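Labels run A, B, C and D following the written order; every chain starts at residue 1.
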Amino acid sequence: MGVDATRRYRLLLACPDEPGIIYRVSGALTARACNIVAFDQHSEGVAGGYYFMRAEFDAPIPFDTQGFEAQLAELLPQEGSSWRLRAQAQRHRLGILVSRESHCLEELAWQVERQDIDAEIKVVISNHARLESIASRFRLPFYVVPVSPETKAAAESQMLDILRRYEVDTVVLARYMQILTERFIAAYPRQIINIHHSFLPAFVGANPYQQAYDRGVKLIGATAHYVTSELDAGPIIEQDVHRVDHRHQVEDFKRIGRYVERMVLARAVRWHVEDRVLPHGNRTIVFPI
Amino acid sequence: MGVDATRRYRLLLACPDEPGIIYRVSGALTARACNIVAFDQHSEGVAGGYYFMRAEFDAPIPFDTQGFEAQLAELLPQEGSSWRLRAQAQRHRLGILVSRESHCLEELAWQVERQDIDAEIKVVISNHARLESIASRFRLPFYVVPVSPETKAAAESQMLDILRRYEVDTVVLARYMQILTERFIAAYPRQIINIHHSFLPAFVGANPYQQAYDRGVKLIGATAHYVTSELDAGPIIEQDVHRVDHRHQVEDFKRIGRYVERMVLARAVRWHVEDRVLPHGNRTIVFPI
Amino acid sequence: MGVDATRRYRLLLACPDEPGIIYRVSGALTARACNIVAFDQHSEGVAGGYYFMRAEFDAPIPFDTQGFEAQLAELLPQEGSSWRLRAQAQRHRLGILVSRESHCLEELAWQVERQDIDAEIKVVISNHARLESIASRFRLPFYVVPVSPETKAAAESQMLDILRRYEVDTVVLARYMQILTERFIAAYPRQIINIHHSFLPAFVGANPYQQAYDRGVKLIGATAHYVTSELDAGPIIEQDVHRVDHRHQVEDFKRIGRYVERMVLARAVRWHVEDRVLPHGNRTIVFPI
Amino acid sequence: MGVDATRRYRLLLACPDEPGIIYRVSGALTARACNIVAFDQHSEGVAGGYYFMRAEFDAPIPFDTQGFEAQLAELLPQEGSSWRLRAQAQRHRLGILVSRESHCLEELAWQVERQDIDAEIKVVISNHARLESIASRFRLPFYVVPVSPETKAAAESQMLDILRRYEVDTVVLARYMQILTERFIAAYPRQIINIHHSFLPAFVGANPYQQAYDRGVKLIGATAHYVTSELDAGPIIEQDVHRVDHRHQVEDFKRIGRYVERMVLARAVRWHVEDRVLPHGNRTIVFPI
């Protein structure tokens, strides 16, 4: 909006809480002629608690990111601080893992295509050939990597190779129906997003819609979360629900669920790629818009 | 609305499904000069499944209810059929059990007072004296029946005595924090409604808001259900949720939860006293408005 | 589900209310060995009011539809009754009109493809070439019919020709940004569904999101309605809203609105093609699932 | 939480946007040994736009509020800046105006009683005697000031006298069915909150539920807004909706609407008394929790 050239950055930081952090960080930015255009923060508000900040700012060109990060290291508590600085123009690179259900892949491809999700889908990997036509509709590279109990280790190695080749930084499990090993998960810490088709922690494990039907619930839901080594137990990014009643059979739950799932997953991915999500222990701080 | 005197009835029935039930029941009503003003039905739609019906109708005065019920017994399958016929003017008689939290009691008293819930609160029983002032605000009889592990059996006997004295037909656990014994529950089969402060089956048992906070969920909820001998496992009547985020502490969950709880419980009680709920196994068929 | 061959039908009827209609219609079906599998009804409940019914039933093969309809004509009040009987297998044939925005077309094509909407899209017509690639993705015939004030009459004639050639029975305005003439509307009475990008009747006319922004509303919405000759005033089929706040600019309203619009339109079209919508005056009776 | 004595303050400010405001304000607070515990901000993000901030902070005792405010005046742009500094312990003093409908008064009294709304209700004024018993239930002073077209000026003077006597700073129109004159409104600029029983701007004026019914909408709503001299047109603080369908008559709209109205009004009042609402032109910036 200005006459001078600037470039937009996003800073996401977490550190042990102490007075003056806003002042010091905003001071460092102001001294470097940066203009803060969006600012969110959260303090746990308890002794020994953490402080979380997200700032979007326009920096002059050139902007000495190394110098700024070195200064941050000085300004923040020495122990337990972490941050991520990213130019908005440097978009996240997504790898999407799918099985046979297309709706989550389609929604993501669609929202990326229309730039509602400001990221790039670099590759789609599946353990079945079924969704190749969907991937080709959106001109996305598609790889089939079959998985069986015997071949799991080799299959995961192959998948990691593909993801690295495409320089993927975020993996989305868009109804990928295989459980990943710790080794795979460790390669993308807090960078794998899964959509679980229930309102977690209700109905963990297989067939959540059947479980929900059997329990006679009046709302069904979906949960997007970061994947950790414990199944369906990682930090939750987003959840939503939809009303059902006695007229709905399991098939109706699946139909309705498809729409909840794709909306919840798309929101979670959008917030992740806009650097709006800070996992902290088993919780997330999310600054959504 | 008519010139002739009529009286409104509600028929709620469940029976093994077979063709022609609508025809036979509506025929019996038509032959008795009854006018159906509201009609809902549900068929499980599977072999061996059940059929459920709710009809509101205006019957001429006098209306031979015994004759009509005898006819129903003939028209419906001999095995497994059940129904309830009730004059709308014969309102449900509620007994409310509370502990220290007032919000559910207040909401129920209020909605009954303004006739949004078309029932009568006959008595309030608590294991603490704390809510006496709330009960007296609404001029409701209030009894304190303390409960300890040693006195539980005697206390429940005393409570059952009070409920019988007031001819209560439906017991509402409006944040009553004691677990009832099977003996108590058996005295009011499918007539005890509880509000659980979570989105069941997530977070059964104690301190559900703390559990929800620890899990980092993005929605909290409440569940109204019929009480069975298995804790927090009876047929669900109604559920709802409210959005929370990282800024909300457990105390905020409780504050927000109070509003979800009282709305969910009030809806469940309203549907129950308007004869809109049919429990069937561990599920409910609800014909809400 | 049975051994005998049957075929599923849907009956949708509206008539002046009088006692006994359920009995007579269900009797006619039972006498013809039809099994009612879903049944909804609504009575306006006032003197001179209307009665509305939707029945899904399995009829034996062959089923004398003409005879049944002749019988209906006898059973229902002579004046003011109307009905529609349709075999479920005889799917609705949709013609979709679009301009430059793709999201509604994509959602409909997608839901039809996965049979969540049980209909056929026979043709897509646009006043711009832009969405041709979307139509071809789903292998849908696509016609460009440019419209200018001078050519409007000719353009509409051309569009009606195309719609007739494809034997379209329902026209969906999926963000078609031209106002149709009375002549066009008269060709598809109560069979043209439009999506308006506001919570009608707020913000009729052009640029509803700008209007909503200027008014500072906290919720934005979308409305699917049947098109009548009065702009944005036809019977409403479905509406929904999404929360916004001060951080959202008009562009954000449009982004969020795209998801509300496509969900609302898809629901309305699904209900229409499943014969669940009865327009009556300027209102609709909807029996949704 | 600390050992040293502190007192919590809230600062709410609006000023023309320019770089460095966060830095300067947080610097002033840090220099005075204040600890920011909650911080929200919004920038309109356009040339000539405004900047809005809300900070909650713990200040040491004593805290030189005059000195701090003088410093703010120096730090912020000379033209167009405004702010409000308030000790959290200094609670808002509410005057509630009602007519015959009790539900909004009851909800407010109730939430204040349980301190969900951290304010004091100093007085209730009505143009009817009907709600006296409700006020006395909560031990609130209650005045009847009848209003007729001829006595309106005198009545408003009398009401202003009462409000001043109780040192009311915020007036809540809790279903007060009289239109206030400009003179009255000018006495409480942006300090009068009204609940309108529709989703504004739909259905302005009288009988919004009848209007909604006649239009056949599928959602009804309520709107809390600051009162300005133009009827139903002031800045919106909060809105919400509830689903209705063809079965609901105008009386049902009113019943459902009561719950939407009291929730929406209670939220708006809570945010107002926690200094979370900044009116700006005809819009509001709300930092809710």
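Note that in this section contacts are C-beta pairs under 8 Å (C-beta built on N, C-alpha and C of every residue); 3 or more make two chains touch, one makes a residue touch a chain.
Nothing here was measured: the structure is a model prediction, and the numbers come from that model.
In terms of the stated touch criterion, the partners common to subunit B and subunit C are A, D, listed by label.
With centres defined by CA atoms alone, the chain at the far end from subunit C is D. Measuring from the averaged C-alpha position of subunit B to that of subunit D gives a distance of 37 Å. A straight line joining the Cα centres of subunit A and subunit B is 42 Å long. The set of subunit C residues touching two or more other chains comprises 45, 247. For subunit C in complex with subunit A, the residues that touch the partner chain are 102-103, 106, 110, 114, 116, 137, 247-248, 252, 255, 258-259, 263, 289. Within the complex, the subunit B residues that touch subunit C are 1, 19-20, 22-23, 26-27, 29-30, 33-41, 43, 45-47.
Subunit B makes touch with subunit A in their complex at residues 42, 45, 52, 199-203, 214-219, 221, 235-241, 245-247, 249, 282-286.
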